[in-house]
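Right after this note come the structures.
Below, subunit A partners subunit B and then partners subunit C, in two separate complexes.
Let's turn to the complex of A and B:
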């Protein structure tokens, strides 16, 4: 697993789509520019939704990692 | 003596109280059970009417009833806002200072809107999730001659998940009926990359919006609103101008639940099947206040009330609490001012909207009247 200084990590496993994406959006809204937020999702839709939103919003997807059957998205607030 | 305290005078609390009064009639008559419903207002309000109020199609007399009239005579009604719930002491304390000890607790106080959490929304936005808001919106719509109306879903989750779509469809019909549609642009915005959180409803609704000439903006997360310039700025860096903003605000559980330490991330952690508050086997939650991935809709609270009432009745009789909620949800969807469709789904079966028709629209209007039988626990 890649090492980043994570400002906040959200375990959204078990939350159905679009729960994990909305959790990430809420966390990034509250974060400062440059801070890193991670969200763990077990929802398959997140694999499409989260990278797509991160790109549209102009943030940086630092890593997409396996997290014991779920996926951990590491995102840096870029603006 | 078993003391059952139900907090909330909406559909969930009222139906639970009435079902328990019927089921536990022998125990109530023998003085072995006491049923109390605590609410913050003496009148019961049918909130789905607010959508119609925004278009001048209903009035307070149609959607208000005295709470006492809706309750079984065996249910004690307490009109006194709850201030704290102490689960360690099993005690509910109200604004008057009066406390009530419970054996079993039901939390059904609903959700509230918190538009103040979005900068500029209180100053610049209208909404139809409160009685005052819907009445004010109607006055604005009646005078609105031309310009851009934006229906923006700002907070998710929110009450009645299909209502923003219904608002967009009804706005289209409203302005067509008045011959002003060509002067009015309607824009619908949603936070994720489709028009509704439920994929099946989104797939059905997207072409309906296009067909009506309603512009759609997705991945649209409102960051702030400039009341002077009448613009919305999003987290995605977009800017959208409006003449009339109908914003679906962020929602939250009542403050007393958060202050009592009963919420996690804003909602009450609830077992998806038994509806017990997690970590508290003698407390149940239902309706808008739970953290469950189900619609914050009246039908959900109605169906959940059956589960909660059955489980509490079982506890009282020393039996296992075996009733389970399966995620059942039913929602009508108005597709204009003369047609409607509906969706029915549960945890395991996604919704399948049917073709909109006049019959379903009339069924919805009929249900708005029949609701009072639902609240009484009759249907």
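Let's turn to the complex of A and C:
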């Protein structure tokens, strides 16, 4: 598994749609270009929503990992 | 010249943006929440969102109504789910719909308009409504925006 330097990790487990995505958007807004942010979501919709948003917003989804019933998304701010 | 170019770029951006128009007629917590989540998703996907508040959807936007238990209702046909819904709200799993709309407004281009006819009907003024409401509009003004929307919803 490739390792990334995670600038910030958000545990958004338990938060319903669109909570985890909103947390990710906020964290990326505050981050500098090139920094990596991770968000853990237990919302089933996130599996589709977060990659979709990351692509649309022009950032880079570095990894999608299983996190014990939840999913951890690792995203790099690309612009 | 530089400024003119910037203005042009702004205009092009707003022209090319896809739009979603919602007619929010219902004032029950479940439907207000659904509309707010849809608005947030559309704003995240860089769409312009216009919400037209009419009848019960507008009354739900009276100042303080969203946090007054006496004015929080669930659609009658789903009344048996009221405890589940209220519990999810209280546990913070689902944010209050008004906060979702606030977040959507911070995130993107989201406009909430009050229907002028309903305002007259209930003797309301803009200052009687929550600050997420941007202004008062007539149905024709709303249709001008709705006619070139790629998503239109009546909730």
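As a working rule, the second predicted complex is superposed on the first by the 77 of 79 C-alpha atoms of A that agree within 3 Å, B and C clash if a C-alpha of one lies under 4 Å from a C-alpha of the other, contacts with A are read in each partner's own complex, and residues count from 1 in each chain.
Just so we're on the same page, contacts are C-beta pairs under 8 Å (C-beta built on N, C-alpha and C of every residue); 3 or more make two chains touch, one makes a residue touch a chain.
No experiment lies behind these values; they were computed from the predicted model shown.
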Touching partner for A:25 - first (subunit B), second (subunit C), both, neither: both
Subunit B versus subunit C as contact partner of A:79, first or second or both or neither: first
Contacts of A:67 with subunit B and subunit C, given as first, second, both or neither: neither
Touched partner set for A:15, first subunit B, second subunit C, both or neither: both
Touched partner set for A:56, first subunit B, second subunit C, both or neither: both
Subunit C-contacting residues of subunit A that also contact subunit B: 15-19, 21-22, 25, 49, 52-53, 56-57
Subunit A - residues contacting subunit B, complex: 15-19, 21-22, 25, 28-29, 45, 49, 52-53, 56-58, 79
Residues of subunit B defined as touching subunit A within the complex: 156, 191-193, 197, 199, 219, 221, 223, 235-237, 293
Subunit A contact footprint on subunit C (complex, rising order): 37, 40-41, 44-46, 88, 92-95, 100, 103, 107
In the complex with subunit C, residue positions of subunit A that touch it: 14-19, 21-22, 25, 49, 52-53, 56-57
